[in-house]
Amino acid sequence: MIDKRVRMVADALADVPDGACILLGGFGAVGQADALIDGLIEQGATNLTVVANNAGSGRTGLARLLELGRVRRMICSFPRSPGSSVFEELYRAGRIELEIVPQGTLAERLRAAGAGVPAFYTPTGVGTLLAEGKEVREIDGRPYLLEKALHGDVALIEGWRADRWGNLTYRESARNFNPVMAMAGKLTIAQAQHIVELGELDPEAIVTSGVFVDRIVHVPYATAAAAA
Amino acid sequence: MVQTATEQGWKPRNRSQIASRVARDIPEGWVVNLGIGIPTLVADQVPEEREVIFQSENGVIGFGPAPAADAVNPWLINAGKQPVTLRKGGAYIHHADSFAMIRGGHLDLCVLGAFEVAENGDIANWAVSATDTAPAVGGAMDLAVGARRLWVAMEHTTREGRPRLVKRCSYPLTAAAAVSRIYTNLAVIDVTPEGFRVVDMVDGLSFEALQAMTEAPLRQG
Amino acid sequence: MIDKRVRMVADALADVPDGACILLGGFGAVGQADALIDGLIEQGATNLTVVANNAGSGRTGLARLLELGRVRRMICSFPRSPGSSVFEELYRAGRIELEIVPQGTLAERLRAAGAGVPAFYTPTGVGTLLAEGKEVREIDGRPYLLEKALHGDVALIEGWRADRWGNLTYRESARNFNPVMAMAGKLTIAQAQHIVELGELDPEAIVTSGVFVDRIVHVPYATAAAAA
Amino acid sequence: MVQTATEQGWKPRNRSQIASRVARDIPEGWVVNLGIGIPTLVADQVPEEREVIFQSENGVIGFGPAPAADAVNPWLINAGKQPVTLRKGGAYIHHADSFAMIRGGHLDLCVLGAFEVAENGDIANWAVSATDTAPAVGGAMDLAVGARRLWVAMEHTTREGRPRLVKRCSYPLTAAAAVSRIYTNLAVIDVTPEGFRVVDMVDGLSFEALQAMTEAPLRQG
């Protein structure tokens, strides 16, 4: 029987190595795998690269991971948010590397990694500072940048409903980066609000196939709310 | 600035009036993405019976007005991370699908805020200098090149009175030759192959006064 | 009020021009927009390029369009099927051009067209006859082919449920190429088995957004079955 | 061929026995795509209690056995366009997502038929000559390069007795250096850096007899 459920967050994260590239789902706080990020803080892996849309806010979650000095490099589209002072201080102090990626390019690079596309062309960023060092190529008369797939060693994502095969649905705008990160992670770990019986998810409405998911941890809403 | 203006017999549009002026030009059926700032206010200025499909980068298609304070759904936000609602006919998609829609040319319009717009349509709206600390680009570059039309909604000048409609952007570009129309607190201005062309101005403002607050030359009518 | 419903197939297809590139959804007969293809036969446009997974079978639908000499060029992955004799005769007689595209490359080229990606790299086809004339590039030590986006002038697709905004769901494996073709078509026309009220489709389970769909024709199941 | 073989004291596997031999090597939990021909038969040879997720190019994940003749659902077919069923936990996806899964390296295994496999793992299974009329590649090239493992299930020789396990493919390639294991009616053979290595043979068949029906050299054990 295929059963990807893992009882404890700590067990799900036990083998995350130092130096790993971690993909964190979510857009701001929505769809962010809070329990798994807290687990990663506990777990101790360091010298990490973190890929996320934002660079954390306040003093918990990603901001806490940053504050602990565990992240060597951030890859994100929008590091400056209300409350993102931890990141900004580290960055100004030269204690963290930053790769700014346009949000659409970030999503597409993750999708490319999941889809076996090593590189693709995009018009986004042509003629801007973010084109520096990138190949520019004219195709049918228009210039494009070459962008490469962005793979993760570990993806930490948040789903809404999950079954034991790892199939996932999401809730409203909490879907965001989670499905593409699930595809782009070598090891994909999902926390889910609800675990349902195999066959309960509508096969027409499963958003992330269990094929992309390695481990599922049940983190019911009440727990997450208490943690928030 | 505003005081002087009033003394001179005209009154600039406030933020919500700029948004309302933008909304007037959005026809039924368009698919529209709204940036942060004044553009965000546009959604509430479109009358409900006029069906406009507002798309948000984080995968919300067809969002509706902000919910009442006691009806906020924390899972449902727009790209500015404010709570929204979903209209009938709306849908949720993931980030790569959302930007496929944006970058694939499927939006009729994007309205962005900006620091500067140049007379050739260049837009600068994401970083105030090449050495900006932790500049935050978000989806601006994708939207600027992907949407079929890019409009900008912004103040006509900086607080210090420096023009934002310029010959050449001094801030780092978001995209080159992308803007087709600008809505400011003073006027609506098209970007044409010949440069800026005034569509309309606030009541009482003279063309000469508007030109004085604009770096690049304006054409009339 | 946005209303993409068109009463008659003929009206939906009236402006398809000669020389158009037509994307036909479906995998074999499943998910193929039979009524729209019949409408196209009636409509008369000629000198067409047709993109579809298969090259028709029997003497109806796409095979009939081919037999009438209306297709200049087929782009497909699998032209040889039981009953694909119309295409095979035309091809042997040199009366139709054929571009064979691996099925995954076909799907990805369509998706790229819809997603604003002008070209991408893929390992599929490297070192084979289908690599002839294509740029080969080594990325991180592995060779890849450059493949270009495949745009359509008109996409003819089949949905299961539709609303007046053009939102679509599909039925089981009839989903196949339809969603990517909907994205890749400049003009996308869908036939749907059921038209439902706006708001009846689950926003978590809409597969093709109405943003990608221009016209909807209601072709209820009974009609389609009678036509088959 | 078969007659001669039987006279010589061994019996080739039939198609369903080849499929059964393949099925024996597929562990629970693998995600597997099956090509047309003998590979298609593998699904029914995996015992139902062993959960293997069969994926089909046309966007079916987790298909189950063929339905009874009176329970055929015309909307639910596999890549060979035969009716199938969906297991609990299965899902439908579109073609680009399906090939993203295939090409992105998410399948544990693909089993294809072939005309020829070379000792370096080259596979030819889609066209019988460079001037083939209307060759049909389907998803074979995508599967051959995308799946983590590629196994081939085929007859050991052509009907005329010509070996299909060759030094170099004479037919146009589907993919280079892609095959890791071959299941034939006579043997199971691994493709190793040193060439073909026999894993097992049908009862009574000698290594020499197998070598005689194989163009490239075989290694034992």
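The first chain written gets the first letter, and so on, giving A, B, C and D; residue counts start at 1 in each chain.
As a working rule, a contact is a pair of C-beta atoms (placed from the backbone, for glycine too) under 8 Å apart; a residue touches a chain by one contact, two chains touch by 3 or more.
As the structure is a prediction and not an experimental result, all values here were calculated from the model.
A.B. asks: Spelling it out: a chain qualifies if it touches subunit A and also touches subunit D; which chains qualify?
C.D. replies: C
A.B. asks: Report which interface contains more C-beta contacts, comparing A-B against B-C.
C.D. replies: Output for the comparison: A-B.
A.B. asks: Provide the C-alpha centroid distance between subunit A and subunit C, rounded to the nearest whole angstrom.
C.D. replies: For subunit A versus subunit C, the centre distance works out to 33 Å.
A.B. asks: For subunit A and subunit B, what's the span in angstrom between their mean Cα positions?
C.D. replies: 29
A.B. asks: Suppose each chain is reduced to the average of its Cα coordinates; what separation in Å results between subunit B and subunit D?
C.D. replies: Once rounded, the distance between the two centres reads 56 Å.
A.B. asks: Centroid of subunit B to centroid of subunit C, CA atoms only: how many Å?
C.D. replies: Between these chains, centre-to-centre, one finds 36 Å.
A.B. asks: Going by the touch rule set out above, which residues of subunit C reach two or more other chains?
C.D. replies: 108, 111, 115-117, 122-123, 170-172, 203-204, 207
A.B. asks: If you look at subunit B, which of its residues touch at least two other chains?
C.D. replies: In subunit B, residues 86, 92-93, 96, 99-100, 102-103, 146 touch at least two other chains, as defined above.
A.B. asks: Work through the pairs of chains, note which ones touch, and then classify the graph as line, ring, star, complete or other.
C.D. replies: Other.
A.B. asks: By the document's touch rule, what are all the touching chain pairs in this structure?
C.D. replies: A-B, A-C, A-D, B-C, C-D
A.B. asks: Tell me, which parts of subunit B touch subunit C in their complex?
C.D. replies: 28-29, 31, 51, 53, 55, 61-62, 86, 88-93, 96, 99-107, 146
A.B. asks: Note which residues of subunit B are touching subunit A in the complex, please.
C.D. replies: On the subunit B side, the touching residues are 56-60, 73-77, 81, 86, 92-96, 98-100, 102-103, 127, 130, 133-142, 145-146, 172-176.
A.B. asks: Would you mind writing out the residues of subunit C in touch with subunit A in their complex?
C.D. replies: 108, 112, 115-123, 139-140, 142, 144, 148, 169-172, 202-205, 207
A.B. asks: Tell me, which parts of subunit C touch subunit B in their complex?
C.D. replies: My answer: residues 1-2, 111, 113-117, 163-165, 167, 183, 198-199, 201, 203-204, 206, 209-212.
A.B. asks: Which bits of subunit C are touching subunit D when the two form their complex?
C.D. replies: Within the complex, subunit C touches subunit D at residues 27-28, 30-31, 55, 77-81, 87-88, 91-92, 98, 100-108, 110-111, 122-130, 170-180, 207.
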